[in-house]
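Two complexes are shown next, each including subunit A; its partner changes from subunit B in the first to subunit C in the second.
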Partner chain A sequence: MTQAAALSLGAQRAESPGLWVLAWRRFCRDRVGLASFLIVVFFFGLMVASGLHLIAADWSKEVGVNYAPPTFSGPAIHDGGPSAPLAPDSSRAESAGKADAAAGDIEIVDPLADVLAEIRAQSSAASVAEAQAPTLAFGGDRWGRDVLKKTIKGTETSMFVGLVAALLAAFLATVFGALAGYYGGWIDDFFNWFYSVFTSIPYLLLILAIAAVLNQKGTLTVILILGLTGWTGIFRLVRAEYLKHKVREYIQAADAIGASHARRMFVHILPNVSHVILVQLSLHVVLFIKSEVVLSFLGFGVGVDTVSWGSMLNEAQSELILGYWWQLVAATIAMALLVTGFSLFTDALRDALDPKLK
Partner chain B sequence: MTSPNGTEPLVGIRDLKVDFRLDRTTIFQAVKGVSFDIPVNSTVALVGESGSGKSVTALAILGLLPKENSIVPAGSRILYGGRNLLALEPGELQKLRGADISMIFQEPMSSLNPVFTVGFQLTEVLTKHLGMTGKQARARALELLREVGIPEPEIKIDAYPFQLSGGQQQRVMIAIAIACEPKLLIADEPTTALDVTIQKQILELIAALQKRMRMSVLFITHDLALVGEIADYVVVMREGEIKEQGKVQQIFEAPQDPYTRALMLCRPQLTRRPRRLPVIDDFLKPGPLAGAGLEERSRGLRGDEEVILEVRHLGKSFYSREGLFGKREFKAVKDVSFKLARGKTLGIVGESGSGKTTVALTLLRLRGASTGEALFEGADLLSIPQEEMMRYKRRIQIVFQDPYASLNPRFTIGQLLMEPLQVHRIGSDESERRDMVYKLLQEVGLPEVSFFKYPHEFSGGQRQRIAIARCLTMKPEVLICDEAVSALDVSVQAQVLNLLQDLQDEYHMSYIFISHDLAVVKYMADQVMVMNEGEVVEVANSDDIYRNPQHPYTKKLLSSIPQGWRGARAR
Partner chain C sequence: MLGYVVRRLWQTIPTLLGVVLLIFFLFTWVGGDPAYLLAGKISNPEQIENIRHQLGVDRPYYIQLWIFIQQIATGDFGESWSTNEKVSAIFATRLGPSLTVLVPLLLVDTLLAIAAAMLVAYVRGSLTDRIVMIGCTVGQSISILVYIIVFQYVLAYQLGWFPVQGWGNGFAENLLKFSLLPIIVGVIVSLAPDTRLYRTFFLDEINQDYVRTARAKGMSEGRVMWVHVLRNASIPIITNVMIQLPGLLAGAFLIERFFSIPGVGREVILAVERSDFPVIKAVTVYVAIATMIINLVADLLYRVVDPRVQLK
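So, the complex of A and B:
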């Protein structure tokens, strides 16, 4: 075959859509699916940008007064509430000034006075620059941190946990399910036994047990907990698909041409069951985001130095009594939007990937 | 077709058009203006290949077209008793369905409800349409079962569908269909899923019932040979249009349309064995038939041919668990021995469950054999270790029945054809392999662009060519064709058979040709092996076995072949 002929063949390639291209076309026809896809992409963008410190890098800066209310509801009207206009820093500076005056009266020279004065000047200059705003765009938390930025940072953590944990779970499930379904026999028995053990333990108990064994808080722990406990449902489905596909004629044909077991399992069958895995993957992302929230709420979640939607909700529980609703609302809206978007996206994905072609 | 004797036809179909909406912009015209009559008390056969619109026409008569995506343009009429069925209210149509017009479907296994007994499904029709009481209905149901020839109807009436054989299930379907003594019975490929011997019984049953109940039958089939025996009138359809219609005698003796002639001659016949089968294009092209179908090919073994594969006492048992510890043995293949000569074809015929496919799968080690040996150049294919088998795998290959299932839908044709080359390290690098694949595509008659396409973009016949090309990549010495042309339309079947024959002539391959279709085996095979219930019944040169069958089972099998028009009249 000459080069030119190969080129012309390559040019014609565009005329022949693959199954994925066809699925994408079907997907684009679904308006709800497309809208939800955009939501998911938007959140994904937030996660990546925040992870790269492009936005919300300074989320932990105390930019507002304590519990600064959202700008749209105006500054708090004062009746001795905690968000008094006087910030603690300025009152400290004032009392320090009084002490200076007292020292001058007694005429004792403090050898460090100049240094201290310099430090004070610097710190007061700094606090002037960081003048704490009475209101913030979507309110502030107990330390006056911007709730909006905190939510973005929380999105990063929660989504990262959901995605990675779902990937881990789907990976385990695919490997286990492929082995069990393809080989059958004692390998299948073993994995089924393993599955039964995992599913017979109450879910929360299992999570708490793994949390206790790992014995350290942090994002990685949460991912491990969710990933190691969440593979069971996907495993059943993947195994069933492999059982179905391994007796199909195209697999027999692959056997006849001499393809190895691994090749048949992962090169031939896997692409044909990938739509099941993909849909399950996105379902589990939603599930794990919710689980992370529950875990963090229960205190088994991410560490104190990181923020997630779960930890925000955890904080909100004490704030709500005092009437500070914004942290709760921010986390809830973000989560509801992503979870709903992701669920609709999953539905649309399932419709689009449904192989009606024989 | 004009009405016989000038009387009013039972059903008149006038300019019927049916369109299907595929998506928002595309519309597929399934039936493009079809007109024909179904006269009273006669059998009309609607013949056509897949996609000809024959089933859609039947569904339109019953008002069973899918509502969501089908359009019947105004102007189409189906006249029944002075009324247009297409304009009837759904309620009225429902009253007509089952009572006046009823239908038998292709797959009896999926048309009967598996969770109800046969009796329940039969009496349901009787109580609903005829208003019988339970007792009356049961008595009538027994009568009906007897009428359609179910043995021991008193016992079978309480059986569930899975307890009956395929032929018996189809009989039950017929009993349900004729329960209300309909005026029109529509039979949509009622025998396609059945074995030849059963097919013959069912055809005879339908013909007998038609005479006795004086009803009309619309018989839909792809097999023109079948039609000659039972039909009074024949309508030949292709791509939504009627190609030809007329009395059966006229269609068979003086077909006017080239397509009708092609349908008759593309199918291998028992009496002749041309060097090449004619294909549809030969007929549609103007001018005389180009060489095809003139010269006869002689088949058979002389007995001194080189043997490439020798199978001795092959046996395969399946075990099912019974009770706690017991297991029951089911012998799928019992003591099968044969020799395959180099460059020749061994045909294996038998009905479903005869073990012919199991023989093929065990030879390739796709199933383990229980006993016996298969000697290929002195090596026993059934017992050599797996690694050694790899060397032989490329020399003995298989083409499966269903071209829709045997190609991985997620692979492009290029990937599919390159894979065996990569697995067996044939060719020095990728570009050399690619050139080999392009050459093969050309050889099986596919354009080179196919390399980048996916299996779903091809028709059944093209897919089977791809499957054959895939085997050819390894240049096998033995090619097993397991019902390789059974799922194909008659015209495509001829093309694939011609291709297989050309390849054998060129590469001198040996074929094991497995089929339930005796005419196809007669055409392809030098030697024929008849199997029944796992055993070899008879082995002989193909001409001998068809001329002079020894075993009663072979005789029975041969007498079940649809003989077409002449055969039927001769009997």
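So, the complex of A and C:
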């Protein structure tokens, strides 16, 4: 019996779980972390599905009337619901376009409203093959495009930019940090100098300066700007890890069996510091998504034909004054959900990968 | 002490040179020929040649670099390409409005964040702590753009409590009338991350032995927290405030833009929109210099709060 126990103990030893399995188990115990992980996976799925044109492929189709309100608040023409708070400023609303001329002056019931609506519906039915819906489930934008589909498309852009830029930054930081930390000496001095140059210019100012000289918009430009400027924080940590690891015994052992410098750096040390990089990667995705939104809002980000949360917020700014709040709410909720989810996921990831930290 | 300062200033020279080279590289190679930007679409080769000569871009690179270094040393970056205003004059007039908004913002935010963080750190693990932390996480995840848009719309446009945007002539009018809403929005945006961060600083200190000793000798809780813990936690807090300072010099771009405050930040955005290179160059270089000086001041401040810190 003792033998059996010893055997089973031995069997257990043989399949003792590795770092990643242990981390995964710790992660699964963290319910908040798991929930946030599901949110991240959901958004990731949205991004991939939208990128493959499985969903929201027809986002640019004008399916509703201009500024079609969400279904639950009813058509604007009949009750003027969304414009109601703006009644005193009807002059502004009216100047904005004929679409809300009827909605602006709700004091007087427009006797022609129904007739007008009918005419408009007929004319749109005549010009476009199918009639434009007076309301959409989540509202429409200036051209009557579905805000839900637009938000999904914006999610695709913003998340893609955040992920790829973070990967680029993490890659640069890992290479720089590995070289600086592993070799030390003048290579270390050089990269530290490089680091201090980049960090002595405030992040947003550097981004804006680069946006100014590049002077061209586009998803690739944004990714390059964010990735090439955002490596500094990760570099510092990776370098510190390499400094710590290069004197450890397993590296001496690797040296003794004749492993090359590159092999020691990237095959032996890298897996042992990868948890730091992974957590930083996740942290920077959030940072870059936020930066992309600001850049696109200011008009230095993605191109005019691409939708991102930033460009949606830019449109929403003027729409809000007219009382059309749905695009603002849609972009805000989508972004808040992803960023909160990603932040909590990062915390859980850190706890799971580095249980010593608190 | 003086020796330390001199040594530190000496050490910043390579970094400063690096910044100059980086900016020179960006604007000379990456930026392309500015003559085409300036001349616009309708231009003949002679005009372009003329502009190139005026700007000095037809001269060898090392001479251009030397001109750039001279510009930095004398503070004379010439005129803005789009308004023909002197760059130095632009800064002289834009700095005041920026500071009017940003100095009160930083002060109020830091004091509130310290108080809030102290409170939640004191009741750590309780329901209050957890609710505040969840609130901070969610609040942080909403874009600053949304805060500005919604606050401007609700508080200024609909309720009319504040002017929607604008700027006056007198300092008191600017501070008490036009700056209030920008300051409120700025504080709300930065309060969440700062409270979360300072809470961790306080938590690091709150379990230390000296806290137990202070309690054991009968010190009041208020004194333990506000004198002993606060002073010990102040080094990372100072670091964090100092990190925010250079950003303040460049201005809170978005706040200034939305509220039409004629500050440095709004000027930077305008310059980027108009490809006004002299203005961007000047801002970037001077903010970088300011950053280095601020870092030095931060190190000296550490010594003031904590005499154990050795400056080498």
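Here, the second predicted complex is superposed on the first by the 285 of 358 C-alpha atoms of A that agree within 3 Å, B and C clash if a C-alpha of one lies under 4 Å from a C-alpha of the other, contacts with A are read in each partner's own complex, and residues count from 1 in each chain.
Keep this in mind: a contact is a pair of C-beta atoms (placed from the backbone, for glycine too) under 8 Å apart; a residue touches a chain by one contact, two chains touch by 3 or more.
Predicted model only: the values in this text are computed from it and were never measured.
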item	value
Which of subunit B and subunit C A:I39 touches, first, second, both or neither	neither
First, second, both or neither for A:L228, with subunit B first and subunit C second	neither
Which of subunit B and subunit C A:A253 touches, first, second, both or neither	first
First, second, both or neither for A:A57, with subunit B first and subunit C second	neither
Of subunit C and subunit B, partner touching more subunit A residues	C
Which superposed partner A:T332 touches (first subunit B, second subunit C, both, neither)	second
Which superposed partner A:N272 touches (first subunit B, second subunit C, both, neither)	first
First (subunit B), second (subunit C), both or neither touched by A:A240	neither
Footprint overlap on subunit A, comparing subunit B with subunit C	none
Residue numbers on subunit B that touch subunit A, as the complex places them	23, 361, 364, 366, 390, 393-394, 397-398, 400-402, 404-412, 419-420, 423-424, 434-435, 438, 448-449, 451-454, 456-457, 467, 470-471, 474
List of subunit A residues in touch with subunit B within their complex	1, 5, 9, 12-13, 15-16, 18-19, 29, 248-250, 252-260, 263, 268, 271-272, 355, 357-358
Subunit A-facing residues of subunit C, complex	14-15, 18-19, 22-23, 26-27, 30-32, 37, 137-138, 140-146, 149-150, 153, 157-158, 246-247, 250, 253-254, 257, 268-269, 271-273, 275, 277, 280, 283-284, 287-288, 291-292
Touch list for subunit A against partner subunit C, complex	85, 193-194, 196-198, 200-206, 208-215, 290, 293-294, 297-300, 309-310, 313, 316-317, 320-321, 328, 332, 335-337, 339-340, 343-344
